[in-house]
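Both of the next two complexes hold chain A, though its partner changes from chain B to chain C.
Right after this comes the complex of A and B.
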């Protein structure tokens, strides 16, 4: 059952259109991420849901109730900002109980909620600290607790981890996800980091220039990008320009070398964009693959568990990812190699 | 030889001498003019005031000068000065605070903000004879107000409100308001949008946001500027004499002090020093009160375990 529904949302700032024709239905308890480059309108959609921006057009419905005209302080939505949003003049405990206090809740309930929330974020011993005495990661956990303390219907997070160190970022996103599961709260998480979105979301909304480019599960988005924008934005996909050779057979030519794709090519096309995942390509391993093309090794990047070999065709580059294996023999830079991949791995966008 | 000493000091941790020398390094050189300035123009005159307040013309220790402060003329001048300072500190803080709020958070067009700020920079320093002249030209017996009122037959006598206690309050407020604006604008601009939105998001009304979040955060700045405004009014001299002229020879403490050092009147420099000393005490108390209340207001900025 749909719990949060955004229908035909549009937001204009003067002559500029920040968001247009935004339609989304979120299930109760679902974790949905908005993913897209900076300036694509993610924050604007979130702020419309929170009530900080009034939509130019469209409706926002939460649990069957139209809240489009409701003031932000009447919406019962929790929000976590990018940073610096804790009240600096209040302790952690006072920050957490703020929502209950302004609602007139009695002291007993407030104390209990403070205790519960501090337990959830594992910060019991920090109740009397002031925000400036906490690390960035701790501050964001308190901000999360403060937002959850009012038991909101929907939780909104606007790039809550982007100001943190890489390691804390990974730990905290897992913590956010597990708290969200534990409470079953409907959540929208904004990020420009595709790895973050892919790792914790039920579904991802990929946005570009104010519109939804693709909506799907992380697997969908990663494996079946529907537009060249999604393909280039998600993962480290190789996106190549190709000429069509034989439409019905799916034959195309990239930098002078012919290969086969598993997909149909639109009848009107004579050049197409082809996406190939770097992990779908194998190096010097030509048995049974319909596609084998030659390239020169341009550079080699060691990425930890993965080694990325950047090869050059004629003008275009193609990355090949291999699992790091201590016994593997890496090609030398400048060496000619054979790249092979299944026809189905070459997606025409 | 030099190389021998270097090797000796580079092995192991720096010797106390090296550490001392690095602590007294160039970082401190820049402060020398400041300390010299403070010594010559603040500490020395202050000490000399204290000494002279407590000695007679022959240099003997005496409390006679201090006792002279209980003179009814002086206590009345004190009462006037303290009241005017208090009233204009409050009126300046309230009016200036509202103005600062209006041009920062009030959603007014940007040019108003820069116009008010430019005016405040000038207005905060507009005092003395020109300021009084401007007010007299506006509100005086043949001032603009009375000229405009002429056709109606009404005439407002400035004697009753301009050349006296309330006149002083009005004229002082003129420079107190812009001073407050200059101090409060940066403080108001330091209020983060996220705080207001977070409060609203958690269900707070505007009033609750101001009461629990914005006002407590602004409190140190408000206290600081109120103290500054008070001291500013208390130590004002030229504006007061210019406005009050001959009738105000004993009206405010600063005027009474100055009169003790004039050669054409029956001045008593000993009393003058005692008065100056008492003014230092008032300013000192203001600073102490301010420091104490500010420390209370910004507990949350200090580390407490």
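Right after this comes the complex of A and C.
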């Protein structure tokens, strides 16, 4: 059942249109990420849900109630900000109970909620510390606890991990997901980091220039991008220009070498754009795939767990990703290699 | 390893010049107040402190300073907050307005105030300018205007340092209304800035002469001038006492806000 519904949302700032025709239904307890480059409108949508921006058009419905015209302080929505936004003049405990005090909750309930929240974020011993006495990761945990203490209907996370260093980001995103599952709270997470979105979301909304480009599960978004923007934005991708050779057989030609694609393609002699994930290509292993093309090794990049081999066809480049394995034999620069991949791996955009 | 450069003799020389420039007049003042052809004496100080007008005028200015600080803070903090939050385009206009009290002489401003409020009547049908209460209100109004540039700039700088937008939105998302946001989130986090503005306001009010004299108010500064025309050594002693008292009051305000300010400053 739909718990949060955004219907035909539009937001204009003067002559600029930040968001247009935005439609989304979110189930209760679902974790949905808004993913897109800076300026794509994802934060504007989040701010409209929170009540900080009034939509130019459209409706926001939470649990069957239209909250479009409701002020931010009447919506019962928890929000975690990129810059933590903890109240510097209050201790951790006071920050957590701020919303409860505003709501007029009695002392007993407030103390219980503080204890519960500190337990959830594993910071029981920090109740009397001030924000400046905490690390960035701890501050963001407290911000999360503060937002959850009021038992909001919806939790909004506005790039909450952006200001943290890489290792803490990974730990905290797992913790956020675990807490969200534990409490079953409907959550919207805004990020420009595809890895973050792919790793913790039930569904991802990929946004570009104020509109939804694609909506789907992380696997859908990654494996079946529906637009060239999604294909290029999510993961790394080889985007190649090809000519259609045989429409019915799905045969195309890239830099003089013929390949087969499992996709529907245009008319003969048309130029089409083909996208192939680097990890879908095998190096010097045909694996029974019909697509085998030869290329020269241009460069090799060591990326930790992955080794990326950049190859050159004739005019175009094609990257191949391989898991790092101490026993693997890497080709030399300039060496001719055979690249193979499944027909279904070659997506026509 | 980072090696610290030793200050040259030239730096010490200029420091000494600055020190002498600032403190020699003070030393001269103290010297002239405690010496006479008869030798060392403290009569000027004891006479000044014993005079009933001293306590009366000092307390009057002290009370006026406290009221001015309160009114300024209540006026400037919400205004600056609103401008930064909702009307950032108005900031240059407000900044221009803050220069006006510095440009217009206090004399002109007081005459302007008197002319403007001359037709205003109190509920008991007495002209505002014909009652002591009315004149006192005008005095406070003038003090607020005079101290406005200093209070505004201090508060504005404080707001720039704190992310007031994020704090406001965080408080809103937790259900807080504007009153709660202003008095439980914004004001406490601007305590250092407000205190900075308060110090300057305090010093201005205690030393202000033109407005209080023209409005015929029993303030500290007109009393000092009056005394200097009659008793030069007592006026000097009063000047020294006023220095010490002003510093003592500022230290007291600072001490009062130190605990909270330390937290809010982060």
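We take it that the second predicted complex is superposed on the first by the 343 of 349 C-alpha atoms of A that agree within 3 Å, B and C clash if a C-alpha of one lies under 4 Å from a C-alpha of the other, contacts with A are read in each partner's own complex, and residues count from 1 in each chain.
Criterion: a contact is a pair of C-beta atoms (placed from the backbone, for glycine too) under 8 Å apart; a residue touches a chain by one contact, two chains touch by 3 or more.
All values derive from a computational prediction rather than experimental measurement.
After superposition on chain A, the partners chain B and chain C are seen to clash. Of the two partner chains placed by superposition, chain B and chain C are both touched by A:79.
In the superposition on chain A, A:161 contacts neither chain B nor chain C. Once chain A of one complex is fitted onto chain A of the other, the partner contacts of A:206 are absent, as it touches neither chain B nor chain C. Contacts of A:18 after superposition on the shared chain: neither chain B nor chain C is touched. Chain A residues 50-52, 71-74, 76-79, 81, 85-89, 98-99, 102-103, 130, 132, 143, 146-147, 150 lie at the interface with chain B in one structure and with chain C in the other.
The touching residues of chain B, when paired with chain A in their complex, are 192, 194-195, 197-205, 208, 212-213, 216-217, 300-301, 303-304. Residue ranges of chain A in contact with chain B, taken from their complex: 50-52, 71-74, 76-79, 81, 84-91, 98-99, 101-103, 130, 132-133, 143, 146-147, 150. On the side of chain C, the complex with chain A involves touching residues 162-163, 166-167, 169-177, 180, 185, 188-189, 191, 260, 263-264, 266.
Put simply, chain A touches chain C in their complex at residues 50-52, 71-79, 81, 83, 85-89, 98-99, 102-103, 130-132, 143, 146-147, 150, 156.
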